[in-house]
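Read through the structures below before going on.
Paired with chain B in one complex and with chain C in the other, chain A is shared by the two complexes that follow.
Now for the complex of A and B:
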């Protein structure tokens, strides 16, 4: 009897947590379809704000900036992170604990510290060489740096889950180093790489703080645009952008999860 | 394959394998293996191999036998090229391959964990080596079908690796190595993960297969029964040193030292305290040996095989006579094992079950030992 009560209250707690997490999102999505210009009163269903959004050049430009930044930085982070993950696996028996900590550090470092450091760094370089004007390039570099650890760790954990003799079997079966990369490492890693790409993609789309500190006047991303627009008050247009971002990020996260699971099988 | 005779051999093989019966043995030129002064250390103070000199004949079923950590697996990995020796040379088929990387050696391995690629189908696993060597797709397809037929697993070829049972994986791993027709096939405890029944069945199959192919097999195991059943010759290793090399009956009946004797399953080893002419003094008492067993050194052990002891009837002329008590009797169906106490020492005896009267625990027995069955073993 008591067991039943406990189970029931735990289930209740689970639904409460879910509501706590997702109700605010639901409100944003709901009001993005509001025909009235109000954040308090829902009149009736309309796509009015989505239409308006498509006509706003600043938003379209911010959308493209976000997309280019996310794709380019994810691809670069994938290549570098994959090599680091493989290196971590290959040398896992050596005493490289301090190196692993260095890889983890950007994950735990507060974004604001990371962002300010990046900004200060780019300013110094810009002053000395005239290169790295704040803009899309500096943002891409900054994003790559915080994406790399995630990619490296996903790749590393995929390798750790493999039978180590597979590497030897490939050598034993006449595969040259290049053939081993092409016919063994890459196919084995494929699910992990797809998963890592979509994770990096969502991290980049999500990021506001680091983007904010490294962006230039022309390279505002969607989060930066929202932050600027919100100073004039929350408009239903903002709700529409937020709803679209929720959809895109959720999709990328689900794809990442599916491929990660497939890789573990 | 620049050698014209090798090319000719390959051509005759081709002609034969395309014949009606693909299960026919393929005569091939097997390769011998020579190991010269191999040393291998791991780190500063772990010595895995401490000067190994060994010749493995072409077409031989050769087994490396020893307890875990004896260096047998390290030796196998050096043959495969997965480990480089710190010192010494390795010759396969007369060619020095010490510095040849594994993917350029005509050597294939059946791994203990099978190491089948999980991202590939059974067919692609089987064809992997051929594909890496650049054989055309049609040829690969034909060879895979042929080898799958050969190991009687043709129906599994299109499956995924995770759909296979342990025994099936084992055979696929074997086939994946054999399909490349290597000079030498290495087997790293390939049967250790299988249950006893399947294991003894595959022991017989592997041995037949090796004879049919005439390929040089190097087999690693810690199981002395398995080694004796399958091998032409056995090398017993301990502490990175080869203790003895010989045929199964040489190693079993005339172990080179006490370690080999114990590892081959012998319990009846007794320290020799003194010896003169054909007499030795042991913990059991004074025993007469065959004159051929005379040695100059005093130290060492006397080995008495349990199956050579006679517990019934009279002691024949010239035989050693011992008096003992039955401490324990184990009925094993085809044979009966006795644990005897002689002079306060334990002596094991085994009698074939021929329907004779069994001795009971506590019985006094007279044991007769033929001098020719006593073997002196170095310390």
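Now for the complex of A and C:
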């Protein structure tokens, strides 16, 4: 009897927590369809904020900035991080403590310290040399810096999971290091590289604090635009763009679920 | 002759390996060194400089920034910064504790469900954290604003004054922190529960242990590594949080992250901001070190991955 009540209350608690987790997102989506300009009262269904969105050039350019930033930084981080991951594996018997510290540094450093130290550094470089003016380039540099460790660790753990004799076999099969890379390393790494790219992409899209401090006047991303709009006074247009971003996440969740299913089959 | 050629070939191999190490590791190591280590070192140096007329740091070196951080200004001592610091600590403690209280039953519940449902349930817990932090916090602003059902309810219960919203307030910041960090506690705790040795729990029950004692002696020690890992993932970022107090709290709910950021955005006092950043770094590395020590002492050290 007591066991049953415990199980039942646990189930109730689970659904309550789910409601807690999804309520704020649901409210944003719901009020993006509100015909009235109010965050408290829902008048009736309308798409007017979405129409307004399409005419807002700032939002469109913020969208492209976000996309360019995420793709370019992920590609750079993929190349650099992949090399580090391979180096870490191949030379794992050496003392590489300094490298481990270096790789974990971007992960453990608080966002805000990360952001302001890059900003202070870029500002001083810019004053001294005129290079690295705040904008997309500085943002890409900052994003690559926090993406590299994740790519490196994913690639490294993929190598660790492989049978070490495979490397010997590849050495016997293919003469040149280049052929080995092309026919053995890249194909075995493919799943790791794909997930590393998507993780980097998500980290970049998800980031606000570091982007905020390294951005220039022309390079606002979607979160930065939304932040500014909230600070200036909330408009339902934000609900619409936020709802679209939530929709993108929901899509990603469904895709990852499908991949999961396929992987187990 | 043979020996020397063998030696040289071995040396060539060593040189080749070293070159390989350099080529593979150097680009990333140099990148992180130039674009993160150097900037952080510069930031730390800034904390010991004097504030210039345009908010940019100047020579001579001084400890002014630390004195300002402790509350000494040219108008005498004021407790504002100290309150901010204590508030950051308090918010971190309260929100971490609340996250643990919610995450424990959730993580346990997921392990009791059928195996095919578990990945979906974990995904359901994690997915909200995939959305941008600003949007999530904006959602809570909408929920807690004056005139919304939740605010009206709090109003009718006499918790807040009439026509006031639940935000901006310290309560809203705590809520936002719990919301933000819940998944980071559920995942490691779930991993710990999944590995749980049920025989120990049954043994405790067979020996007529009360449910509380059974939990405390048979379950809790086994989930401790997960709890420690979760605490690292929750408490350390919570202490340096910027977005949530900025949006959900007002000026009276500022945390250390806001104090630091304001010196670089509007306030323009880089040395003061840098001094605050040093404090945050000390808290971060001190916290990591403490967790590792606790983890090792309690025997779960190997599993606490930091």
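The rule is short, and it goes like this: the second predicted complex is superposed on the first by the 240 of 265 C-alpha atoms of A that agree within 3 Å, B and C clash if a C-alpha of one lies under 4 Å from a C-alpha of the other, contacts with A are read in each partner's own complex, and residues count from 1 in each chain.
We adopt the following convention: a contact is a pair of C-beta atoms (placed from the backbone, for glycine too) under 8 Å apart; a residue touches a chain by one contact, two chains touch by 3 or more.
These numbers come from a predicted model, not from an experiment.
Visitor: According to the contact criterion defined above, which of chain B and chain C contacts more residues of chain A?
Guide: If we count touched residues of chain A for both partners, the winner is C.
Visitor: Once the structures are superposed on A, label A:83 by its partner contacts, choosing first (chain B), second (chain C), both or neither.
Guide: second
Visitor: Applying the touch criterion given at the start, work out whether A:171 contacts chain B, chain C, both or neither, answering first, second, both or neither.
Guide: It touches chain B, and chain C stays clear.
Visitor: Of the partners chain B and chain C, which touch A:187 in the superposed model: first, second, both, neither?
Guide: first
Visitor: Which partner does A:246 reach: the first (chain B), the second (chain C), both, or neither?
Guide: A:246: touches chain C, not chain B.
Visitor: Note which residues of chain A are touching chain C in the complex, please.
Guide: Residue list for chain A touching chain C: 7, 10-11, 13-14, 17-18, 20-25, 27-28, 31, 39-41, 80-81, 83-84, 86-88, 90-91, 94, 99, 102-103, 105-106, 108-114, 116-121, 124, 141-142, 144-145, 148-149, 152, 202, 205-206, 208-209, 213, 222-223, 226-227, 230, 234, 238-239, 242, 245-246, 249-250, 252-253, 256-257, 260.
Visitor: Which residues of chain A touch chain B once you look at their complex with the stated criterion?
Guide: Residue positions touching the partner: 163, 165-166, 168-176, 179, 183-184, 187-188, 190, 265.
Visitor: Inside the complex, what are the residues of chain B that reach chain A?
Guide: Residues 80-82, 101-104, 107-109, 111-113, 115-120, 128-129, 131-133, 162, 176-177, 180.
Visitor: Quick check: in the complex, which residue numbers of chain C touch chain A?
Guide: So the residues of chain C in touch with chain A come to 17, 20-21, 23-25, 27-29, 31-33, 35-40, 42-43, 46, 102, 105-106, 108-109, 112, 119-120, 123-125, 127-128, 130-136, 138-143, 145-148, 179, 182, 236-237, 239-240, 242-243, 247, 257, 260-261, 264, 270, 273-274, 277, 280-281, 284-285, 288, 306.
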